[in-house]
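Chain naming follows the written order as A, B, C and D, and within any one chain the residues start at number 1.
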Amino acid sequence: MNEKSITHPFSSIGDDKFHDECGVFGVYGSDDAAALTALGLHALQHRGQEAAGIVSFDGTHFYPHRALGLVGEIFSQKEVIDTLPGNFAIGHVRYSTTGETVLRNVQPLYADYSFGGLALAHNGNLTNARLLHKDLVNQGSLFQSTSDTEVFQHLIATSSGEHLLDRVVETLREVQGAYSLVALSRRKLIGARDPVGVRPLTLGKLGDSWIICSETCALDIIGAEFIRDVEPGEIIIIDENGLHSHKPFSQTSKRPCIFEYIYFARPDSNIDGHNVYEARKAIGVELARESFVSADIVIPVPDSGVPAAIGFAQESMLPFELGLIRNHYVGRTFIEPTDEIRNLGVKLKHSANRQQLKGKRVILVDDSIVRGTTSRKIVEMVRQAGAKEVHMRISSPPTMHSCFYGIDTPEESQLLAANFDVEGIKQQIDADSLAFVTIDGLYRAMGETNRCSETPQFCDACFTGEYPIPLTDLDDGSAMSQMSLLAELA
Amino acid sequence: MNEKSITHPFSSIGDDKFHDECGVFGVYGSDDAAALTALGLHALQHRGQEAAGIVSFDGTHFYPHRALGLVGEIFSQKEVIDTLPGNFAIGHVRYSTTGETVLRNVQPLYADYSFGGLALAHNGNLTNARLLHKDLVNQGSLFQSTSDTEVFQHLIATSSGEHLLDRVVETLREVQGAYSLVALSRRKLIGARDPVGVRPLTLGKLGDSWIICSETCALDIIGAEFIRDVEPGEIIIIDENGLHSHKPFSQTSKRPCIFEYIYFARPDSNIDGHNVYEARKAIGVELARESFVSADIVIPVPDSGVPAAIGFAQESMLPFELGLIRNHYVGRTFIEPTDEIRNLGVKLKHSANRQQLKGKRVILVDDSIVRGTTSRKIVEMVRQAGAKEVHMRISSPPTMHSCFYGIDTPEESQLLAANFDVEGIKQQIDADSLAFVTIDGLYRAMGETNRCSETPQFCDACFTGEYPIPLTDLDDGSAMSQMSLLAELA
Amino acid sequence: MNEKSITHPFSSIGDDKFHDECGVFGVYGSDDAAALTALGLHALQHRGQEAAGIVSFDGTHFYPHRALGLVGEIFSQKEVIDTLPGNFAIGHVRYSTTGETVLRNVQPLYADYSFGGLALAHNGNLTNARLLHKDLVNQGSLFQSTSDTEVFQHLIATSSGEHLLDRVVETLREVQGAYSLVALSRRKLIGARDPVGVRPLTLGKLGDSWIICSETCALDIIGAEFIRDVEPGEIIIIDENGLHSHKPFSQTSKRPCIFEYIYFARPDSNIDGHNVYEARKAIGVELARESFVSADIVIPVPDSGVPAAIGFAQESMLPFELGLIRNHYVGRTFIEPTDEIRNLGVKLKHSANRQQLKGKRVILVDDSIVRGTTSRKIVEMVRQAGAKEVHMRISSPPTMHSCFYGIDTPEESQLLAANFDVEGIKQQIDADSLAFVTIDGLYRAMGETNRCSETPQFCDACFTGEYPIPLTDLDDGSAMSQMSLLAELA
Amino acid sequence: MNEKSITHPFSSIGDDKFHDECGVFGVYGSDDAAALTALGLHALQHRGQEAAGIVSFDGTHFYPHRALGLVGEIFSQKEVIDTLPGNFAIGHVRYSTTGETVLRNVQPLYADYSFGGLALAHNGNLTNARLLHKDLVNQGSLFQSTSDTEVFQHLIATSSGEHLLDRVVETLREVQGAYSLVALSRRKLIGARDPVGVRPLTLGKLGDSWIICSETCALDIIGAEFIRDVEPGEIIIIDENGLHSHKPFSQTSKRPCIFEYIYFARPDSNIDGHNVYEARKAIGVELARESFVSADIVIPVPDSGVPAAIGFAQESMLPFELGLIRNHYVGRTFIEPTDEIRNLGVKLKHSANRQQLKGKRVILVDDSIVRGTTSRKIVEMVRQAGAKEVHMRISSPPTMHSCFYGIDTPEESQLLAANFDVEGIKQQIDADSLAFVTIDGLYRAMGETNRCSETPQFCDACFTGEYPIPLTDLDDGSAMSQMSLLAELA
């Protein structure tokens, strides 16, 4: 469709992380609705860097602007913001889960319904999207995207509910999976979080304007006041009469994603009562307690390993140093090196301070090991810079299982921890020693005495394989089926 | 949606014509399906210059490429053609009728149905699109474009027909208006022409490959053999078993658009048995017979007035000369002149040969007068170049009514002939004399003895106001209703 | 230098013509200097379609805007014209002779000198540029372009002349070749034409503003009055005291290029006293007299063959018809056809009207045959459309020699007429008969009784091989030497 | 010249730093010369983010590629590197000092000379460029850029020296100022550092290939071995016979820029024997000794304040914490906020961790205060996040004077420290206390016992006003004169 498709950012430069896939933001009742949304999305940029979009409403029309790229690139011009008039807006940053990142999949999605227009954006992933998709097509619905978000749209369109709320409730009863969504109709701003509460969603106020967004950092950037987290299973409706809370689902136990604290969320956000930076430091403290080793310095793998490394250093009384420098000018792509150059072991994203590391026993702190490719290069880089010993400490348990709730994870066959035990991983990355924080250490860092094995306090499926929400499409095999006969890249 | 919107090409430089709005092309069974379609669309470029698209099918996937611009710009690269594999393809050139020219309205449209994928493109305009649109939305269909073409898609999707042909027939029974469409499913190339046959559609063969396209000039460019015109009310299905013709509608009298011969179609095309160039010359001959005036030279307004001027000159025994030069480098836009410059009477698109015109009595031949703006400037330009007399002769009757069958016409209030009689128009454009060909002269030029007033042989509604197909939306007032709450330009 | 390089426009679609390489335009003393220059360049677009530029002066600064593309693309925005303030401007359209069409070669060139700034643009080609270039580099001049225009700049910079006029005269004494140049200093608009007057240069007035430009059509577009042609060897200086004419060179006989009348110039221009359209018709008349053949219709190869065909048809009393249609939507590039498609004999630029040509004896009139590739295709196309006989008539003598005076011509080895006699060419293009106008017929059409063999009235070197200006670089072999160690395409 | 001009990156988001202006890199004798240069420039990206360029030589031609943007954007494609063949290359990253950042000013500059081609790039700034420029223009040299680098080119071109080395020496005798340059002729790679050695320049080897570059981090990224720093006043020539060192200037005392250690250089580089990260930590230690204050936590202003903050925290035994989060997705531009939004105190680049800062006494460590705008906002942000006290500590002395040696500094009137004493600055930024490291503390951190007042060991003119190289143009008033009559932005 003449649409640019982009590949995984940084993919060529060794990013070896799980990736959060979306952030959402909505504002009700501000003269600067679109500008505030752009700022909020900018604060949520870490949740998705492939594309961004805003839909505003001015009382008469809905105005969309969606594009591939960063928020600061897409919404940097006053002229663009001026094309998004009105006091109501929702926005979205995207990192693709289902569906290629082509423009037709970029959210918020918009459609005209019999009851009027509705724009919708969500963070998460439906686990029965393909089943629902098939049913809807058989009934005559025409899908335009391959995003699971469109399932929400068609369920709302074909719902027999009289009022919008009825249609939304009926829709949410149909879908399974993780979702934190915002939607905007002609009269209402809607927020909803799945019954388990996998992804965060939070509520704030700026003067008389209401804000619903993924993380509190998006409230801070605009100076909005934090009100409370949206509760798992809660539907929030904001209209001219104020805020209404609906809880149409039978109570289930809340299990928010614990990896948000380890890596996904921004350190200055608070999620469900925990400060993310403090949580990371606390994990570093537990890690130091569990797996101290005699060394000269503690070095973080920047930038995500820094808080845990500070916690580790403080607990172990070892000096915290910046032995690895991150090059912040690495853009989305970089030179595809020739074989000769690749053999030089070039590291574009990080560099080691030789002077700093020479002859030292180094504890290297990182937040996770996924495929292990980056870890191996980092250890090698630290050794080549002259370190005498390299001890790797990881502020998460081994990641052994894929996530189906809105996180981009490799297949299990590519997860190092699904194929090797800790000793094996140590050998793969060629460290002198290696330790992961234990699952109980992780729960202790979160303020729990231990993990409750019957009803765990968090979703930790990527560590334990215990999935709190049914994986219907996967079990059904339909995850494999072709979503569209339309070739994605054209 | 981050989509570029373009304004009417040439609008700032005084194009004062009706505009045909689309051309279609489809090929079944060629290794070069996409390349042939690109060439065919290039030959049909005069039917739409705003956007173009091709969808191909390779036995497994459908491949789309659509963009704003000219065919030669969009499909000029081998790399682009290579993204359109397969032996089956349909294509479309567009000049907007309904819906803004934003990318989501560019055809062919594609959708996944329960029976598989289907791509569809049409030339024409539905006169009950808004009524059908409203019904479909009420039943839960979500529209993505504001093009009337999408109505076809949803009718096919929600049809209860078992086979594709059943669904197509059921769909065509619902729609009113002018349409010449091509569609491509996984197994079939489909062509259909409305029961009145307003827009042309023709059938050809290139070796074993079948071609369906708007005009024969698209057959000539690829060296294909002309087989026959698709008949009004006929549905053509081409599949592995060859060509099948279906005529599900009760017989109505055929009334193809007579303006295709006057201006829209390419002079080298043959439509429903008439050569367009010969028809134009014949109109010029009739015009000379009806309204000869003593003069020194016959000058066409280039390029569309040339064949009628040649006919006029031959019949009147006056010399045919090129007194007006057309600047072929005028692109889609040009400088917005300052007031000073505008007063200089700048003509960017044409220039007069002063040496040629000085002291002469000039007969100026053009094909039509719409708003009259260009005619006035042309007459002035010829006078300023020194002509002693300027006699304007028009190879169509006065255009007094809007077209609702796929032609872009101004509202009646802007049509000069809807507001002035011939004498009034003459004064408006400041000519020494003015004559239009009569409606009977026009029919004579087409080989008829006269216009059959009960069942006219052609659609001539723009001259006579007699509309052969009901204008349901217009009569209903729904042509005024808002098609989408989504602002077009964003 | 990150500059886009473009290939010969139309090259892939069979343009087989000589190409004029430049047009110039200058205005002194108008509030709309840049806008008038843009309009003038638009009228001169046929003299160069690869790039265009304007430099204006507002009393303090010089403002440049140069780019690859058409005038209407580059200067279509008011915002662009607004970046070119001031009452003085010169402009240039370019079709490359020497130097690749990269941005650094696009004119007008500008430089700061000890006496102030000077912008300069020229139409023509120096025949001792490489020799002068070498001398200047040895003396410490640094060249930035590979355009011969830069030689003018360095000669002016290193001249010992006290006043600008002295420097210009000294410079023009050094250079050999064809040039019609305009230059703009802080106080003066300068125009100069080489002593032989190969390329046209004309003088006009618009109110109190002076205009110097390549052709009168550029005066007409802005409504300016034609004053007179600049004379061969004349230097015009316009400043606050009005126009001053200088003729510093000893008298030589004037020999303007005769091919300007045959093909290069616009039909509505008058050059050195001749109207171009009338000249072309007169050549057609002579051609009919010299080589009449019994036939049914006269068909021009559009668009350049039209005036001669009209002349031929009038003289021979045969009907003039448009049997070939030109597709005006062919852009700068088009699809590179696959082998299969190429064999279909696709013609993107022209199409034949089968109905018109079937069974006819056709006289085909074109202005020239260069390589013969297009002629062969056109003849084949006319035959395939059903013509019984195809007689080719050419309104120029055989082009047997290259031009070194500012026209892009193939090497002689590629000129069909340099390798075959008329009978051989006839066979190459597969015509039933072929005739070129004779050199004397051509001179008769220009109003001369015959060609004066001692001092011919025109430069006709491409037909006769008699070059009126020395080809110093060529004779020297330095035309072969490397102009720069810098690779052009980067 | 149709060239894009860009504004200061981050300017709208409150970057308040001095800026280094260039980095250079050259390689002699590698199959991957251009790719290595791209990698080296990537490592030097912090020295200039506005534009980058590479010129390579393949034994026959020089190949340039220069563009505005980041190295990773410009040189990310294999296709681009493939346009830069050969075993020799030099490159440059640019942050404008003199001359606008338009393409014609982007280095390396190239010219053809009588002796062949030469490409040249430099880091620094000439202090007599305008004087030399005027002389050269008077002698007939034509300047194409407004960069002082072009002065080198014309001096070399007009030099009477027989050999290239003679010409370079003669040129360097003429120029005054700071320069670390690399140049590439057909046979030689040249490196030169001004007699005072203001900007760094270093020498390395990768196998048999020689590397000359601005910082050692550019050696590390390609795995090259550090050989030694190029000495002040040294000219290095590398050719097929290896490395030759020339010292044509009389001995002057070396005074490298001390601000390279404070902020400009990358922390992992070693310059003239000092590791930059260690130097910064040592400054933090000195700062803690000089101006300790009782507090709860030490917080760096990320990222540049981190090493000094670590040093400060270690020396003061206070916990080092990340209380400010930097948003790494801030691109070159961002939304121009409306007044309402601006009043919200939006901080796009940093955010404060409220949870972390609430109720704390905070020591905030930054490297410098220039205008003070960012410092004021940061202090305000920390207070709004709930800090009880905010004590600002700066790891440089007050910056009271402009730099004329290749650093972009505001005029003195805009330097906060040129207008206020420490108490005044404290009030301006609204801190509870403020201290700068002393000039002697700074020298102690660099390993000196104190600053030698007669012949200081470093250039510290921005703190002391003692300029080691004459400011000829400035004293002459010619810094004010117009460099070109050509308007920059066109």
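For this structure, a couple of remarks:
Basically, a contact is a pair of C-beta atoms (placed from the backbone, for glycine too) under 8 Å apart; a residue touches a chain by one contact, two chains touch by 3 or more.
Keep in mind the model is a prediction, meaning the values are calculated, not measured.
Listed by label, the chains that touch subunit A and also subunit D number zero. The interface formed by A-B recurs in C-D: of the pairs listed in B-C, C-D or A-D, only this one shares over half of its residue-numbered contact pairs with it.
Of all chains, the one whose CA centroid is most distant from that of subunit D is B. Taking the mean of the C-alpha atoms as each chain's centre, subunit B and subunit D sit 62 Å apart.
Once the centre of each chain is set as its mean CA position, subunit B and subunit C turn out to be 37 Å apart. Taking each chain's centre as the average of its CA atoms, subunit C and subunit D sit 50 Å apart. Counting partner chains per residue, subunit D has no residue touching two or more of them.
Looking at which chains touch one another, you get A-B, A-D, B-C, C-D. Contact residues of subunit D toward subunit A in the complex are 31-32, 35-36, 38-39, 42-43, 45-46, 49, 70-73, 75-78, 81, 206, 217, 220-223, 266-268, 270, 275, 277-278, 303, 306-307, 310, 314, 319-322, 325, 327-331, 333-338, 340-341, 344-348, 351-356. Across the interface of their complex, subunit A is touched by residues 1-2, 60-67, 74, 83-84, 103, 110-114, 116-117, 137-138, 140-144, 153-154, 157-158, 186, 484-487, 489-490 of subunit B.
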